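After this come two complexes, each holding chain A, first together with chain B and then together with chain C.
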Partner chain A sequence: MLRSDRFLAYALILPVVAAVVAFVVGPTYNVATLSLTQVVMGMERGFGTLGNFQALAADPVFGLVLKNTAIWILGGTVLCVTVGLGVGAYLAIDSRMTGWLRALILLPWVLPDVVTAMAWKWMLHGQVGIIGQTLQQSGLTEGTVSFLGDPDMVMWVLVVVLIWRKMPLVALILCAAIRSVPDDQLEAARMDGANAVERFRFVTLPNIAFSLTAVTVISMIWITAEFALPWIMTGGGPANASQIMATYIYQQSFEFFNWGVASAMSVINLVMLASIVALYLYINRRSWASEGSK
Partner chain B sequence: MSNSISRRRFLGTTAAVGAATFLPRHARAASGEISVWKFGGTPQEVEVWAQRNDAFAEAHPDIELNYSYFNGQIRRQKILAGFQTRRLADVIIAFGQDIPEFAGFGMIQPLDDIAGDRMAGWKDRIVPEVFDSGMHEGKLYALPTYVDMASFLAVNLDALEEAGFDRPPETWSELREYAKAMTKPDRPGIAFPATTAPVDINIFEGLAYANGGRIFDEETGKVTLNDPGVVDALQFYVDLISDGSTPAATSLTETFFRDTAQLFGQGRSAMWIGLSWLNTPWGVNEDVRWTGVPFPRPDAPTGSYEPVSAIMDGTAMLMVSSRAENPEAALDYVDFWSQDKQLEIWGGQPEIARIPAGKAAWDNPELAEAWPNWVKAYDAGTLFQGAAEMPRFIGVSAIESALGTAIQQAVLGQKSPQEALDEATAAAQGQIDLIRG
Partner chain C sequence: MGSVALRNIRKSYGAVEVLHGIDLDIKEGEFTVLVGPSGCGKSTLLRSIAGLETISGGDIAIDDTVINTLVPKERDIAMVFQNYALYPHMSVAKNMGFSLRLAKEPQAEIDRKVRAAAEILDLTALLDRYPRQLSGGQRQRVAMGRAIVRDPKVFLFDEPLSNLDAKLRVQMRSEIKELHQRLKTTTIYVTHDQIEAMTMADKIVVMRGGHVEQIGSPLELYDSPASIFVAGFIGSPAMNFVPARATGGRLVTEAGAPLGEAPVALSEGQSVTVGFRPEDIRLSDTGIPARLALIEPTGAETQLTLRTGETSIIMTTRDRVTHVPGDTVHIAITPGKLHCFDPETEQALRGGRQ
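So, the complex of A and B:
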């Protein structure tokens, strides 16, 4: 490569590098330093302390927050991708019905978060909600069911709403990947006597591994960042039963003005997410690498 | 050429400069742009507020008003973000409970430092007890337009008569008895909100403070959530549930104040606990005959502090940002909202859901018709007797959040009120120590 070409290459990537530094590295550095600083009500009370992390370790709510966050991120991602894969496989079939469904399925995705959360909150309300009333009137339940008021149920109900919201795009991405699987490979497997499940397991899945890995990682990040749905629907309640990292960080920052602790939680959140994504990419490194190098 | 100056000319020039400097600042007509953020309010208030803004714009053609309305629940986030990014509005219309934190943060400035002789007019037009709700550490930080009081009880009169009672309950033990008697298989005797929404927590605080409880002791810096006054108030909630007089406990923890109002308005609950805005149009069915009364008193208060008759707070208090770029215009806006014509909005023209701040508003027949007992009490000078401010101090949100969790734990039967509040006290004390340093 000529020296002038090298300069041109650096010049061309400079805006992207600058944007990453400004919008990713800068804020991350800022949060990391804040996590090591006692900052309350906008006043700095000393840098170089682990006090925020110690406060979290002593906080009885934080353990519950970690458990709920695990259900939210892992449960949400696994179910979102699994259901998305099933729906994507169905949508990949050519028919008039699937043609319509491919367009309609995006509706939950295009609705604003706040509208979605408010609508579900109302529908799921035990006494004034349409779902509880329908269940009761049809005799499926004896009394009202408080989906969002029952601490044993609330986290999983939130996950169901999350899947309803996030799954459509996952399904469409995987549908596109499935439709791009070479017909000759599927035909060859069929001629060799493979049934539908075997063709999916041994032909389709390896071919869509790259997309599947990518969509899983993206879903995990989306779900980690999701705040409006749980906050509007439950506010972290009842009794912190649906308090997750995103809502607790918000509460510490904007309700208690406790930015040091909120930043410490953000750092823990970032490390956890990066670890899970790294582990997932490591486990799937073969399919990732082979597809990526195509 | 001589540069000498005559004595007369010197004195004249000095007097002119002095007059320009020391004349009351509002004597100069304000001009320029002001931004105003209003948070929360009933639908009617939001509509009327915008209409009156038009009147302000007409009366102040040199001031360009930039008015924005936001949901009350996001005010802290919005104001904090605005402050940090140096884009805070000149005038903030928020809650009285916010004042200590906003003042402590340096977000708002004392009005008496900048208002000049406007203060006299404000004091003249506003009910003293309500005016005081804008004070913090001896200075006026916010101009109130009304206050809400906690706690009140709405009673379905048909259900009351059907159960054989001729007057609403007056004590906690009477309320338990009434609620049991008014309960039917398809209609609970009483409903109360128990979500983590701040208003739901304020409603409970009304009971706890009336029982001599407090959530924080400013003098000692100690969280007092496990004071007997608070514990017994929470036990009262639990007793109502165990009596079978309420909807299912899990339903209470997902039902916030507006949903509870809706249930009552549809005749699906015989009584409900709320604030003084019981009378706002919550969609009460026309065939539901009802009345609103102050919440029954504890039989024998058990708290360590003086029992109060009610706690009160304004949720549309005008504050001037410490970074206001145009404080003169901001003060003109605040002064506009201190005028009788504006304050009469809450005297039943058209809003009847609040306790008005304006003295003149109390003379309105609409208010007397909607709330005859309030007007009688105001005229007799007893309306605010024994009333206190809603909890307000730096760190109030952290304690109220812990209290909200404790209420839900007790309501759901996960913990006894004492256990739940002991834990909440410990958790909140940790937060408070961190926040207050």
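So, the complex of A and C:
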């Protein structure tokens, strides 16, 4: 009886285990071994070398990629969460307008990445883009601006598009969190003499701290994994000025067939992502622990 | 300092008016209890005084200064909420000192005031704890401490004891009353519990449906209720009401059983609703015949449920009862303890005897 129960239990979890092995563990193992293998022209030439990592360290583009990735992930996350917090706080106000906006704001989310990227690429185009033209016609700029062609600007323009796309859900989650702050605490703060800013700072923010950290880490993971948006809009250009981890890995593997170097970068990327997730789990567990005695 | 005057307070939510012109004067240092059933407007009135609700009409004055348009922080009022409303991320000391911190008082001064308040409320050992580490009664005391440190002109309490268990409620009731006797701050206290109102108040305001039914001291309300509603609301077990008519200056039940001398002048044959309290009834040899339906001893006294025709009458007695349910007994009402109400308007009938 006990024996057959155990057999049944293993049989039931087998599909999941098989799927994880096939689609998670397998490829990860593959990439990890590949990163330690010398690859020339798409052909494997000997295992057990750190040559790929050394090549990366010597690659001047890789330094630029790291800097761009930092702007992409850190700048993107910070802006996404701060803008999301502002928008969420506004949406949390009860009125007919915010009721509609709460539904409308999700529109950027329902568009596929490719459509978003193409639409923004055209709007930001140096000659025919509507944004540059509008700026020129209104006299704010001398000529049209090549938003995606300027190496100093391109990374930040990408971040703006990223915010447009990722912020709405952050705003909605924070809106829900803000609306669940107990009214009586806010009223007590009013009686204690707190103005609107002080109520937000001393009552609302501490009450939504948990959602805020969760949303920060989640957007960090989303943004690290985001590939289509930068790849379609700039392809890493001009002159690698918008090359980030995700696009550089793609370029190295599928355009230059440098499997080994690409795998080495993937491993670095994986370690980065894993540390973000670990941080999330750590914060999560700690806040659960402190809530525990409630 | 600390007198409160309300003049013709009205409050509407859209087309629905929930306060229909409330007038109330509260003297400095007085403990006033607003009492009434759910939805009578007592909490709305309290929140209007606090400034958490804007009133639609009338004037609220503290010390003869109209404060209608002032925001809560400028009114010099502190409020204790039903759910305590403590800030969960602040320690007890921080919770209590929050208003002073917002007012930019020096830290040393904040510490001194918080310590003093904690001393009064017996919270000194708990100052570094967080609200989630406190029991319900302790949280309630912290909420009061938060009000005390501000040394406001008026304390407002919004059903502060309704989340506590029965034993703690009685204990906190006396603590709040002691606190008031010590600080002598004008207090307005909202409750739906008439026992809280009776035991704590200098002045009770009975509210119903957005109107004031009666204002008076606890014993005034008990001895001469202005309406059937007040008579039934104040006192436990509630007052008995029976339909009756007047004959020759005396009141008899509709079946003709004698109730006693009419307390007010009535015309011959006039129909009235007569009220009398359970403790003003005694068993006797003659009087109103009734069937004994239920005997409930509580130790000190015994509560009897009697049936006369359609109506049930509750009586309490300190004597030991030897009857058994089903017995027919006779009851008499202590002379001078009858209350007469108009059956139509439900208002008390006043006026001297003819």
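In the analysis below, the second predicted complex is superposed on the first by the 243 of 294 C-alpha atoms of A that agree within 3 Å, B and C clash if a C-alpha of one lies under 4 Å from a C-alpha of the other, contacts with A are read in each partner's own complex, and residues count from 1 in each chain.
The rule is short, and it goes like this: a residue touches a chain if its C-beta (ideal position, glycine included) is under 8 Å from a C-beta of that chain, and two chains touch if they have at least 3 such contacts.
All of these numbers come straight from a predicted model, not from anything done at the bench.
Novice: Would chain B and chain C fit next to each other on chain A once aligned, or clash?
Specialist: fit
Novice: Name the contact category of A:Asp184: first (chain B only), second (chain C only), both, or neither.
Specialist: second
Novice: Once both structures sit on chain A, report the angle chain B, chain A, chain C from C-alpha centres, rounded to the nearest 10 degrees.
Specialist: About 150 degrees between chain B and chain C, seen from chain A.
Novice: Would you sort A:Gly193 into first (chain B), second (chain C), both or neither based on which partner it touches?
Specialist: In the superposed model, A:Gly193 contacts chain C only, not chain B.
Novice: Please indicate which partner A:Ser138 is in contact with in the superposed arrangement: first for chain B, second for chain C, both, or neither.
Specialist: neither
Novice: Report for A:Pro151: first if it touches chain B alone, second if chain C alone, otherwise both or neither.
Specialist: Touch partner of A:Pro151: chain B, not chain C.
Novice: Pick one for A:Pro60: touches chain B only (first), chain C only (second), both, or neither.
Specialist: In the superposition, A:Pro60 touches chain B alone.
Novice: Who does A:Pro206 touch here: chain B (first), chain C (second), both, or neither?
Specialist: second
Novice: If you stack the two complexes on chain A, which partner ends up touching A:Glu255: first (chain B), second (chain C), both, or neither?
Specialist: first
Novice: On chain A, which partner touches more residues: chain B or chain C?
Specialist: Of chain B and chain C, more residues of chain A lie in contact with B.
Novice: What does the superposition give for the shortest Cα distance from chain B to chain C, in Å?
Specialist: Scanning every C-alpha pair, the shortest chain B to chain C distance is 52 Å.
Novice: On chain A, what residues does chain B touch that chain C touches as well?
Specialist: Common to the two interfaces on chain A: nothing.
Novice: For the complex, which residues does chain A have touching chain B?
Specialist: Answer in residue numbers: 38, 40-42, 45, 55, 58-61, 125-128, 143-144, 146-151, 234-240, 250-251, 254-258, 261.
Novice: What residues on chain A touch chain C, complex-wise?
Specialist: Touch residues, chain A against chain C: 182, 184-185, 187-195, 198, 202-203, 206-207, 209, 293-294.
Novice: Would you tell me which residues of chain B are touching chain A in their complex?
Specialist: 76-77, 80, 83-84, 101, 104-106, 194-197, 247-255, 259, 262-263, 268, 394-395, 397-398, 401, 404-405, 408-409, 412, 414, 423, 426-427, 430-431, 434-435, 437
Novice: Give every residue of chain C touching chain A within the complex, in rising order.
Specialist: These residues of chain C touch chain A: 50-52, 71-73, 77-79, 81-83, 85-89, 98-99, 102-103, 132-133, 146, 150.
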